[in-house]
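As written, the chains take the letters A, B, C and D, and residue 1 is the first residue of each chain.
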Amino acid sequence: MARAVAVTGLYRNLPKAARDAFHDYLALNFLPESFRLKAAAEAYLAAPSAKTANELAVASASPRRELIRRLNIAPGATAVLVRMREYLLKDMRQRPQWMPLEQDLRDLFASWFNRGFLELRRIDWNTSAAILEKVIAYEAVHEIRGWDDLRRRLAVDRRCFAFFHPALPEEPLIFVEVALCRGLASSIEPLLRVGSPSDDIGKADTAIFYSISNCQPGLRGISFGNFLIKQVVEELRAELPGLKQFATLSPVPGFRGWLTKYLVGDNILPEKERDAIRMAADQAALGTHNPPAISLADAATKRVLLQLLATYLTDPNDGAGPQDSVARFHLGNGARLERLHWAANCSHRGIAESLGMMVNYLYEPSMIESNHEKFESLGKVAYSPDIADLLKNGPRDRSVTAPVKRFVRSRGLFQQSLPIVASAPPANAKQAIP
Amino acid sequence: MARAVAVTGLYRNLPKAARDAFHDYLALNFLPESFRLKAAAEAYLAAPSAKTANELAVASASPRRELIRRLNIAPGATAVLVRMREYLLKDMRQRPQWMPLEQDLRDLFASWFNRGFLELRRIDWNTSAAILEKVIAYEAVHEIRGWDDLRRRLAVDRRCFAFFHPALPEEPLIFVEVALCRGLASSIEPLLRVGSPSDDIGKADTAIFYSISNCQPGLRGISFGNFLIKQVVEELRAELPGLKQFATLSPVPGFRGWLTKYLVGDNILPEKERDAIRMAADQAALGTHNPPAISLADAATKRVLLQLLATYLTDPNDGAGPQDSVARFHLGNGARLERLHWAANCSHRGIAESLGMMVNYLYEPSMIESNHEKFESLGKVAYSPDIADLLKNGPRDRSVTAPVKRFVRSRGLFQQSLPIVASAPPANAKQAIP
Amino acid sequence: MARAVAVTGLYRNLPKAARDAFHDYLALNFLPESFRLKAAAEAYLAAPSAKTANELAVASASPRRELIRRLNIAPGATAVLVRMREYLLKDMRQRPQWMPLEQDLRDLFASWFNRGFLELRRIDWNTSAAILEKVIAYEAVHEIRGWDDLRRRLAVDRRCFAFFHPALPEEPLIFVEVALCRGLASSIEPLLRVGSPSDDIGKADTAIFYSISNCQPGLRGISFGNFLIKQVVEELRAELPGLKQFATLSPVPGFRGWLTKYLVGDNILPEKERDAIRMAADQAALGTHNPPAISLADAATKRVLLQLLATYLTDPNDGAGPQDSVARFHLGNGARLERLHWAANCSHRGIAESLGMMVNYLYEPSMIESNHEKFESLGKVAYSPDIADLLKNGPRDRSVTAPVKRFVRSRGLFQQSLPIVASAPPANAKQAIP
Amino acid sequence: MARAVAVTGLYRNLPKAARDAFHDYLALNFLPESFRLKAAAEAYLAAPSAKTANELAVASASPRRELIRRLNIAPGATAVLVRMREYLLKDMRQRPQWMPLEQDLRDLFASWFNRGFLELRRIDWNTSAAILEKVIAYEAVHEIRGWDDLRRRLAVDRRCFAFFHPALPEEPLIFVEVALCRGLASSIEPLLRVGSPSDDIGKADTAIFYSISNCQPGLRGISFGNFLIKQVVEELRAELPGLKQFATLSPVPGFRGWLTKYLVGDNILPEKERDAIRMAADQAALGTHNPPAISLADAATKRVLLQLLATYLTDPNDGAGPQDSVARFHLGNGARLERLHWAANCSHRGIAESLGMMVNYLYEPSMIESNHEKFESLGKVAYSPDIADLLKNGPRDRSVTAPVKRFVRSRGLFQQSLPIVASAPPANAKQAIP
């Protein structure tokens, strides 16, 4: 115990070089006993069976894992170990030798942070300032600009829930923000506006999940997001029987990048323009976003862009499913692609990611199971009749995208927003789902 | 989630045959992918390294473990899984094929029930009846005979502490009972007497740990007993600065068995008598215990028996240390063998186990570390000058044990108490430490 | 503060004589300033008005009350003051000079123990042993015989609720026990039987309040019983929407006494027999109760006794309402007299109080208000058609009671049970409602 | 209960005119029964005794009080009643007929908010935002400018404690802010500076109470401030045994007003100047404060002003004690006037109130009792040798104040700061002690 306290205390304050050396030390030592492991490997190869496989698993288990468990005895050690994995993940490309250590941590975390041990807590104005402050810091989708902004998001017509682990009692692991309203929300701005009056939740029929944020980079890949949404749906149903619909209002972070390639790859673009776009992507010039550009788009352009978005979000990709990370998260959870919205997020980031468009994914309890299975096994995306309609009339012939290119180029949309994508990722503590 | 709920719900009510079949199913399936495992085994054998060892560990990990983690999502599932391991352990001799399943559970439990996740709680009269009732049921050393008996053990001059896990909030995992008194307690009866007045704890200088019980057979081998004692020492020191000494009053469950062999092996016993003793051991006749027999022992006999006990408890056994399970537990924790007491537990069980003798193990914080290391590496037992004195004058010449044999035989001690040892172990839910 | 601690500490351990002297001291001193009080009295008499009345109230307020408030600052002082009033009430007849002190305490308690400050808590097997032990001690209607009995009363088909005050966190002030069943319970024995299996509460349509006990004699006259029942009705409705009926199964503590007088007063009794009954009442001989006597009653006797009971419980007494204390409590709360049960409580006490009969009072939310008002203003008792029927055919001609007398005399019911009524009231800590 | 809910619900939303009418109604009705009261008054006048005095008190008690107790049954009613008294106090001058109602509320509050029922809670960053927000709003001495300011005041080298009542669980009644430092703090600015690093509390030997705020105007005159300070002293001693000194850093809100009169009353001032100062006092012109003016004061002026301050704060006023409200509060609690500080609060308000000077009052446990008694009975102020020294050499001859007048006039201190005093009192919710 005393040693666990000493080691974790030291580690907390180690300068980077020493820390890296410590990682090396942990990763390269604490190997399983080679004599015994060789024997087990040979026995398995000679006669593969449940028994020899199990004996091989036992013989190959690294004593490092037991070491980590013992470190975890020290008060506060779990937080230190989560931080350790965060460091490892950040530099793993340069330090592939850390893999065994990272994998041991990941495996332990998968056990420790098992959903069965997590506690769902409502976050509201009665929550401690210490935790609320972290919600402000960890919000990764729509930045919270101070306490007034936060307060609006915790008002009577909003809900916020987080998962906590008993060993990290003041650290949310993931949280979701929900707006209670009538019908599917079609734009993010009204939901976030500070000072807007609260709606009468007695009349609300829809819960809109408008932001989900993972809080701990060191827990990357240990998934609880899907459990969170489903359990919050249950909580809300119990509290507000008037709610009939549970859906997200989600960004499409990958659309603009995909569109760029799509347009570029399209050979009708002359080389000169392609070069211009590439250059733009490299520029670091920061422009302010320009909502009028979006609102000025003519109906045809708007239609084509929505069709392209539908195409992007439903592309089966030979069974792998669409590439957009947010889409994969919700579709993988069994949600259905429900509706696309034009000019739904005209913030700088909204324009940069998806030309201001946003998406509703619908969580319809009776369909979740089958949606999930079709998606997982075949990459098949469930979508609503609205989307079907868009797709049916969508740009099969790529020439139809010409007006889009003209619009995009004329408004300088790429130029003004690409630098954001090229710039640094959001602060380490923040990870938008997934 | 729905499936996890269904499976754990079903399992709870499965009849034994179906349950065994389910265990077989889990143990014999869910093997790692053989193609990949073979490749990893060969790669390791060809070039053993941190990297190939790690890859072999990953390839040999059974998908069963992930399955168990998913089952654990269901509410109450952790308790079901602990119960499953209890079933496995009970029948493992007859069903060695369950080993892989048992080992996966054990490995997961070692992570889940890591000391870092356990909560120390004081048990007292403000504890819920639901938990107190379990303390009554789980006590494994000195049976608790109803609520009045319990109440005395939770009076102002007593303490009781238990470890709990957040996923089993109403289930103590292990608990310890402590008496606060002046000097080392030399007899268990006064500590347990219902209705005895409480001592003034302002005058107490010694905390006596007189009972430790593991509560969950399904967690066998996942050790927290050593942490419990050490943390309780810290709690008590903080609460009562007047405490100067922390020690146990412990049984010696193996002494009578060892003594039998010792005496039998001793060739001065004529064959006829040896046979008589063997027969006695096989008899099932239940006698009531006979405290006067012990109190009638003459000083020489008493002295020799204490010397033999000291010998038993300090025997290095070629580096393995003494065989007594309770001794191994405390000595392994770094305690010191402090004092032996004659006629300290004249209950039927006390006579049967150790002819009524009991032992103090002293937890002296400054020596714990070095005691522990000498014991672990060399089997060397730390003991007090009192014990050293006993040993110095102990029965080197085995003939000196003749009076003991006479005493033992004339009092019929073996005959009356052996059946207990030969009889069934205590009820499954109860495990005296270790 | 220091003085408050000292005084309340001293008081706790004062022998009776000194305590009485202290009561005298408090009661006879701390008078309002006489000069000012006289002036205010004269001013009021000269010109009575809201203003002079208020000034008189202010001038007559005793500084004793402020003294008591200051004593209450000490930790645990509230319990001491409640105990003080208990002592005062016990000896007030002999010590009428204590009245001012008792009245100040009562007035303060009426403020302190205002319903708005009480907390309703469910009592169940998760409640601390310290509180459960008090429930056992305080039960005043149907004695709780140990922990097994208690456990049955807290099983899944039972509920128990108590009011607590923040300054007495471990002291229930009043508690009620409820059984969940189908239809109105007609006998107490099945509800109390230890070891009886729990009913399926999914099928329960009726909540039977079968015991209410005040716990603090020092709070006599500070009423919370009516709030308790009504709030528990709300709690149960919220938890179990299947419940359609809320009623009591109540004793009739005053019936046997009334019956005695009724029969004696009835001039058809010859003098000799009247004397015999009076003598019986003076006897101290304790008989065991005799259930068969009750069960042997012929139908006519049974009918007449039920009719007499209905008469007793509905007698308007010239606007004052029936005399039975339990009846007054429930009828005053707005309940309706619903049904009478023969052989419903054949315990010694049940026979002694009401020849084994019990009563259901029905709490029908929609009628509570009007029932309550008719009772309070006119002494008019609300009753069901069943009761109306009994009354219509009841013993107008007193000669009809002759069979009852014969039955009562022949079974020796008076003789065996009167001593109980003549004997001491139940232990001080226990007060059946009211 | 239903009516209590209805009435308190209505009252909450009553417009002012209706509310005033309701107050009239409550105050002028609900008189004690006049027949009985007259009889009791006459009986008392005829024969004054403990008994007749008590009977008069009972007869004069207004049924209004019972009415208020019944209103208090409704959830949230206590808050409504506290608010009612706030309204009454605000307009009592214009509505003296409300006195009986106000007095009944005050008397009930004195019982309800008895110190014995209050809970001391630490306020820190783990406190809920809902409560912290109220701390920001209620701070009455040194305004809290937002969450960053608050956070500094709750950092590791600060403490904040509040009293709460169980019926107002989210409403602090009074709170105190404490800085842990070395030696007596001599200036407020360093304590409040946002972003200043935290001190090492291991080295702190002094706790400085730098702000106490009453939160509920409706509880005016129900005192808990003295209990708060003394209990916080106990808490801090238990937590930090290194603390040796407990003192305030307090404003002197009345000094400037007193000084004005002192200087004006002093006949050496020619009439013309006196008029100028009076005029200044009437002006509403707002100047910004001018710290350099204070810092430019020459040593002689500074000395004289400190001497005048000492005179002001120790003036026995013929046994009534000094007039300054803050001084009366701390001296009445038994504190000692310890030290005066020049340029200790150069904020606008600090200059306006006391020309920037502040004061330490020392809470020395061993002297509190005797200080308190001398102050209460004789108006005698306890002070340190430092203060004694100032007083000894103070301005006996009033001509010595001439330099002060010159300084004050030349710096325009009166002109710039008087308007503040002439302006509205701080917002209703805030009341600096007392």
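Assume contacts are C-beta pairs under 8 Å (C-beta built on N, C-alpha and C of every residue); 3 or more make two chains touch, one makes a residue touch a chain.
Quick caveat: nothing in here was measured; it's all calculated off a predicted structure.
Under the contact definition, subunit A and subunit D share no contacting chain. By the residue-number overlap criterion, the interface of subunit C with subunit D counts as same, with over half of its numbers used by both chains.
At the far end from subunit A, in terms of centres built from Cα atoms, lies C.
Centre-to-centre separation between subunit B and subunit D, using Cα means, comes to 63 Å.
Work out the mean CA point of subunit C and of subunit D, and you get 48 Å between them. Separation between the centroids of subunit B and subunit C, computed from CA atoms only, is 53 Å.
Residue positions of subunit B touching 2 or more other chains: none. Across the complex, subunit A meets subunit D through its residues 125-130, 132-133, 146-147, 151, 170.
Residue ranges on subunit C touching subunit D, taken from their complex, read 1, 27-29, 31-32, 34, 37-38, 41-42, 44-45, 48, 50-51, 53-54, 56-58, 60-62, 66, 69, 72-75, 77-78, 97, 99-100, 103, 107-108, 110-112, 114-117, 119, 166-167, 227, 230.
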